[in-house]
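There are two complexes below, and they share chain A, which is joined by chain B in the first and by chain C in the second.
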Partner chain A sequence: MPTTQPGKKTILVPKIVNGVPSGEEEIVVDDTDAPAWGPKDKHRLLNTYLPRADGPHKATGTAKYTHDIKVPNMAYACFVTSPHAHARIKSVDTSAAEKVAGVLAVVPLPNVEEVRFEGQPVAAVAAKTLEAAEEAAHAVAIEWEQLPFVVTAQDAMKAGAPAAVNGGGGGRFGGRAGGNRGGNPEQVLDALKSCDVTVDATYTSVIMHHCCLETHSVVCDYSGGDSATVYCSTQGCNSITTDAARELGLPASKIAGIVYNMGGGFGSKFGIGIVGQWACRLSKQLKQPVKLVLTRREEFLAAGNGPGAIQTFQAGATKDGTLVAVHCIQQALPGIGRSNIAAQPYQYRAQHTYREQNTVNTNEDSSVAMRAPGHPQACFAMESLMDELADKLQMDPVEFRKKNVPDPAWIRQLDAGAKAIGWQNRNKTPGKSANGSSLVRGMGCGIGAWGGGGRGGCVATVNIGQDGSVTVQNASQDLGTGTRTYVRAIVAEELGLDYNDVLEEIGDSRFTNGVASGGSTTAASLSPAVKDAAYNARTEMAKRVAPHLGADPSAVLFADRQIAGNGKALSWKQACAFLPSGGLSVRGEWKPGLSGNGAHGASFAEVEVDMETGHVRVVKMAHVQDGGLILNRMGAESQINGGMIQSLGMALYEGRVMDANLGVMVNPAFNDYKLPGCLEIPELIPIIDDGDERNVVIGLAEPANIPGSGAIANAVANAIGVRIRELPITPDKILNALAQQKNV
Partner chain B sequence: MSSPSSSPPAAENSPTTGKLPAVSRRGFLKGAAVAAAAAEGLLRQPPSAAAAPAGDPSAPVSGPTSITLKINGKDRDVTVEPRTTLLSALRDHLDDPLTGPKLVCNAGTCGACTVILDGKIVYGCSVLAMDAVGRTITTVEGLGTPEKPNEVQKAFVEKDGMMCGYCTSGFVTNLSNFLNKNPDPSLEEIKERCKGNFCRCGTYPHVFAAAQAAAKASKG
Partner chain C sequence: MNAFEFANAPTVEAAVKLLTPSDPKTDPDQLPRALAGGQDLLTTIKAYITPAPRVVNLKTIQGLDKIADDGKGGLKIGALATITAIEENETIRKNFPGLAQAAHSIATPQIRNMGTIGGNLCQRPRCWYFRLETVKCLKKGGTECYASIGQNKYNAIIAGGPSYIVHPSDLAPMLIALNATLTITGAEGSRTIPVQDFFALPKVSVRRENILKPGEIVTEIQVPATALAAKSTYLKFKERESLDFAMSAVAAALEMAADGTVKDARLVLAGVAPIPWRVPDAEKALIGKKPDAATLLNVAQIALQDADPLEHNAYKVPLTQTLIRRAISSLTA
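Then we have the complex of A and B:
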């Protein structure tokens, strides 16, 4: 144990690597009393329904995103990408491309002699217009030597399959030791013998895409000289400066990284990536600003994805509804990358468990973090298994779950969700429709958990002008999660001001240090720093204004845009006039005690299935989510709705489809990669779990996305009386399953 | 598509570049559109590059060409190529660009680039800039401002009909146009009308609520 300095203490916080929670780490913080949030039901702004701070700009098209940036003399760049899943470059002829009018540079990417997935960038082009850049990219002539490839997990697991990655051996490399293997398999298999019911089953989910509406994009505003401004659609504003400094050969302190707004991230956007690398390199070469924006097709092929999973269980329970033994082998499907699927039996308690995870590599772009990395996949499989066991036990699935959850939060949430969905009307005769109709209904549920804790490092600044203006600054970015809104609200509430009296300035690396948005940690990391800065600003204001009121600074009140004490009151503007001409600038930092860790949620779904066509319509969904102190209830409900809708997409529509013979993706476009649209949206009931008494901020963006797909899969099984164990649950799978059942 | 066992020839527009295969959408459309625009005498001046013989309005044009577009009530001069889409003209080619309409799919599937052309909604990525000459173009910026939003924009803020905001201009433009024609739509009509607009954050329920609130406010 390292010795801690006086006035400091060591605490444990979640560690996040590239958006993926990776255990905990120790940090040293000031050992002082932090400001407290105060009672949950006494807030004037927090925990109420606040309109989004950036709403007026987003609704009128005036909010600026990286895609929208145009600076003088800006060149447009694009990539030339591989059409093959695995190939070697024999030659590159850029002569025709260089002749295209307006072309400024054609650069084959160095050190790319071999490509390992379709869409991998192999050359970059810059031109005066986007049209010319695209034309030149078409004109780059590459001679390829095609190499053996494998693009489906089924093919990759066959003996003698080509290696998708170096040293892969048969497309597959073994599971990493340590966290990926746990428990005693013999004991589990022994325990299964004493179970009253057992289920052996394999559940499959496929590679999915983030589908951020704003594709990966960077504008490097550099024209030579000693400084640059780099606009990037990224979840980590602060990382822009260090990444771009490396490419431009400038000190990081001379680079401004900007993320004013971003069109979605969902885990796919950390750092400046290869897009930023080449925007910067071309800009440096040309000594002029360069904009590089991925096309939608490139975004599908080469901007990351969420891994698929094949999970095989042997599990058993006893008659009283106790989950006893779970043996699970997981195959993660992350393309050429690596990824983790959350361990089984996911959130449930079982006396005997064994879990082993391996990776099946294919010649596809590497998986990256995607909203609650590894959890929706694990949850879908485990929740399907729970319902199969409940069926065999002839036990209500909600009751079976309540017997096996380790935290009472889920019992409360399962009850609330069951009530919201109308669980008492759940189908008692699956697969049997009434009145000769082909339509059947079913209900299902599932639970999930996530960390969402805060970490140190965030520093917020509150500036108060002599004219009474108030700004709050931090480098963190708003992915659309509502960061701006609570940053503004926390300061306004603390200083007794109106919501619109405070201006938030975020998404600029020149402001005090922010946090990268991974693992739902932004709110829990940033809001305490903002609270602390606002608290310090208030203390400082009280000190300055108290003498003018003839009051003791500790007895000064801030409310209704006034500062009051000793029976007198000054308007906020009058009070600020006592400040020096430079105003006040006060900082605050993240402190423990204002944020917490550990979010719980439960999803419920009701579906209607047409047994003649196999079409599934989700009728209704409800999701119950805790999050400690809710900073903005409207934003939280939007997040919960969004989580339900993304899980609906995972359950029924979404998935990368590969052509096993050609090695290419069949559906790299929104015509063919089906996202949930207006016509697929059911009645949605977002429920904030106010039974959660923790008065600390906990991130809830990711947990809302976790249990919905399992709930829908269970609802489909309850409707049709047959289990579909592979996502997405498309009509063909339902019709095949019904046909097979008839043939049995 | 070439067979994976053979090495396909490397040529312009071949799949080997990994870009759009064979003839691109823009490439296919450009000839016809330019001929039409030229024939109607809508181009401000003859194309600068490969200029057509003077006095021959039917001759094809190519290269950067200056046109005038009527956008949000103002005549705006802009230099585009025959292959430039209306969306790209607004976002990339205008001095002081209009970036409310977003580039998301560039294939007419997502609705983020929705603009109003002669009173009807179109996907800006699927109309050539030259085809918009002489027509009335309204973008989301022309519907209202942060200080003076229209009823739909106001309702989107009140109901939180947005998260990342990247689909928002498309929805707002579509619904503003829709409510002019159908001031009292049912929920089903709103969903049907917006089925060509995608949102990835999952704001749909609040978008529907905003549309209903705007309809109510416009009536009231």
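Then we have the complex of A and C:
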């Protein structure tokens, strides 16, 4: 039994590694009276609709991103990348590159003798201008020995396929076999025999991309000497310092890491990465600031991706709608990386389950965490299966789900979503329109779950000036999820101030310790620390001001920009004038009891499909999401909307396309990797599940992205009467499936 | 992008001079390039798809952006007229509705504000392989059309080979349906040809999609006022409505007889062949008929009779047939 210091206690919190929940860990926290959120319906700012603190800056273009950073004497860097999926470098000749006017450095990457995917960086170049750097990069002459490669899962699973990774190989599982297993396969296959209906089906989803509008980018402002400032588009501001310190040979304390704003991460940006590594190395070598920004093509090829999945089911249910047996073999498709797809039967309860997961490696960049890692893929497959079973049972898909969910939260959410989408109007005759037109409508749904719990480590600081100014500081970055807004609101509410009376300063490693934004843990990790700091600031202010009111500090009230007690009131400014000239600076840290874990959601979609063109128009989407105490309802609804849009992209448009003969990605550009645009966005109905009585903060950014793709796939099947089992559901697939059905 | 020389052309003559290579045998990808809107040109340069030793800016030529009446109700459109100007021109909207629709179907408002009719007709293909810096395909002087054996979902189903690109222009098929002509100006003067004759199949010219000789530019497009023009439409199917090239599209123009039969017809397909693809047999099948359902099915069938899809684009056959039927129906309803 470990001993804990007096005044401290040990608690279990979810452990997150690079955005992926990885069990739990013990942490030590204060064991003292903690502030409480108070009743959910009594908030003045929290749980209301707050406009984004950074909205005006972003809308007017004054918000500074790493892409915008320009410092004096800054050099521009870029990478030389592999044109081959698998090759050995025989020689590198940098002489022509070094002769390009303005070139400062041409550095072959050490220890890269063999490349395993197209776009893999093999050399770095720095020059006085970006144009010169690019020209020099093109002038680096590399002699390659091309090696056998495999870039599609179908090819990788063939016997004798080339190994994409060391130790991999062709055959049934292509890459690394022997992934995790669970359950007894014989028992499941036995149980299938007693089922009234069964479905055998394979569902495929392809490798997707994060599509951050700001590509990976770093500016290392170092000119020799003993300190540096490193600007980085990253989800982990605090990790900039340790990462950069290693590269620059400086103490981490001498490095300021800055993420003022960032244009998206979605799981692809932790640490400074290879981009930061080379910005720092070149800066150190040149004793001059260096900026390195990936091109869009490089971002697609070499900045991570979300894995695809091939999931094969044998599943059965009984007439009463009980999910009896689910046998599933999952193949994760993470390029040369490793990745997990969430286990089947995903969130459902089944009497007998077996699942086995393997990895099919291909010569493509590694998958990394991507918004709800492994969940949208598992959910799309399982939700498709659920509808196929419900069809065979001739049971309403919502009713079928309600019989098989383990938590009543989903029953509540399925009812709410069904009402919002108008489920009673769901198509009873799939594939047939009422008036002979080619347009048919359909509806579908799905459910998802996520952790979203908080963890210790965050320390927030509240500074109150003698002039009444209030700032709240923390190193955490705003991933774009609205961190700035709730940080400000928590302090303003606690101190009885207006929302705009408080200024938040975040995204700077010099502030007190923050949290990396992964696993939807930022809000649940940071908000308790901010709440604690604000509570401590209020307590401290009460102590200082009470004597001037002749009141007991515990009886002092903070409201309406005033501090009141003993029948008297001071304006906030008058009260602050009693502070010393340096003002007041108070800290707070994460405490248990203010955040929780476990988010549930349900998505619904209505689509209209043109059976003669294969065009799918999503008419309406609704997503119901719980999240305990909602810090900002507008921010939460925006997250839910964003999740629905991203799942719509996965369902209908997005995917990496590889040429199997050449080993190259054929669509590494936004013209060809199709994200949904304005005209593709349907009526979006974000629904915060206020039936959730938990009064703790739970992250909800990722869960909102999980069930939408399955809901849309189900809606398309309900519309056209044919099941498309492979994402994205594009017009060609619909027309082919309808043609095939006609021929049968 | 590679470093290149940039020249503002004050006149058409100056532009022609700046665009004419000293060596007539210069590789097509080493020729000076003309900038009219620049949005396709600059992306091909920036992405190292085709280098440009010299870029000649045509936008500095005065008066080449006019949309004028030809005195007989027809149009004289300067090559630098923007897509937006065409889309919003009242006369075009009223008397050449298909042309306004084709203009509106292009890309996004921002791109239409910059893009020009001349640039639209001369833009390079969108084939995935052509657009990859690391792939030297037939169109870039290589020896293979990788699309023909690779990812060819968006490629040609008609008249492909040796290259299987589809021509990306939306204005071109409509202009052909309207019997438009265009004027080409070069060192030896000007000539005016039907728009239909401007485009060249890969078997004729694999490196370029049209018949422009080095140093030549398109200076004007003429659209005659006809009964066909008044009854014209452009129906484009995009995979992504917000911003996309045609998966397939149909430019249709009809002249109707008093008895409700079709007197004259033009049907030109986009997104299915390496050039805008007129289907005269289908037009003939329509002429003299009432455009009823059976006729439309027959016409659509005939229009695609020469289709020979690749591995991933057979869906274009039924899709295009649908668009043909719908385009004609929308004109006769």
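Note that in this section the second predicted complex is superposed on the first by the 731 of 744 C-alpha atoms of A that agree within 3 Å, B and C clash if a C-alpha of one lies under 4 Å from a C-alpha of the other, contacts with A are read in each partner's own complex, and residues count from 1 in each chain.
Definition applied: a residue touches a chain if its C-beta (ideal position, glycine included) is under 8 Å from a C-beta of that chain, and two chains touch if they have at least 3 such contacts.
Note that the coordinates shown come from a computational prediction; the quantities given were computed from them, not determined experimentally.
Q: Does chain A have more residues touched by chain B or by chain C?
A: More residues of chain A are touched by B.
Q: Please indicate which partner A:Met262 is in contact with in the superposed arrangement: first for chain B, second for chain C, both, or neither.
A: In the superposition, A:Met262 contacts chain B only.
Q: Touching A:Leu735 in the superposition: chain B (first), chain C (second), both, neither?
A: In the superposed model, A:Leu735 contacts chain C only, not chain B.
Q: Applying the touch criterion given at the start, work out whether A:Arg246 contacts chain B, chain C, both or neither, answering first, second, both or neither.
A: After superposition on chain A, A:Arg246 lies in contact with neither partner.
Q: Touch check for A:Lys287: first (chain B), second (chain C), both, or neither?
A: neither
Q: A:Gly480 in the overlay: touching chain B, chain C, both, or neither? Say first, second, both or neither.
A: first
Q: Kindly classify A:Leu130 by the partners it touches after superposition: chain B alone (first), chain C alone (second), both, or neither?
A: A:Leu130: touches chain B, not chain C.
Q: A:Asn641 in the overlay: touching chain B, chain C, both, or neither? Say first, second, both or neither.
A: In the superposition, A:Asn641 contacts chain B only.
Q: By the touch definition at the top of the document, which applies to A:Glu143: first (chain B), second (chain C), both, or neither?
A: After superposing on A, A:Glu143 lies in contact with chain B but is clear of chain C.
Q: After superposition on the shared chain, which partner residues are touched by A:Arg88: those of chain B (first), chain C (second), both, or neither?
A: After superposing on A, A:Arg88 lies clear of both chain B and chain C.
Q: Quick check on my understanding: which residues of chain A belong to both its chain B contact set and its chain C contact set?
A: 83, 118, 131, 134, 138, 661-662, 664, 669, 671, 676-679
Q: Which bits of chain C are touching chain A when the two form their complex?
A: Within the complex, chain C touches chain A at residues 1-3, 47-48, 126, 128-129, 131-135, 146, 149-151, 153, 237, 239-244, 247, 312-315, 318-319, 322-323.
Q: Hey, which residues of chain A end up touching chain C in the complex?
A: Contacts found on chain A: 83, 118, 131, 134-135, 138, 297, 438, 612-615, 653, 657-662, 664, 666-669, 671-672, 674, 676-680, 730-732, 735-736, 739.
Q: Would you pull the chain A residues touching chain B in the complex into a rising list?
A: 51-52, 54-65, 67-68, 70, 76, 80-85, 90, 93, 96, 101, 118-119, 122, 129-131, 134, 137-146, 149, 210-215, 261-264, 266, 293, 295-296, 479-482, 634-635, 637-639, 641-646, 661-664, 669-671, 675-679, 681, 684
Q: Note which residues of chain B are touching chain A in the complex, please.
A: The touching residues are 1, 4-8, 10-13, 15-20, 24, 26, 49, 63, 81, 83-84, 88, 91-92, 97-107, 109-110, 112, 139-141, 143-147, 149, 152-154, 156-158, 160-169, 172, 190-192, 194-195, 197-206, 208.
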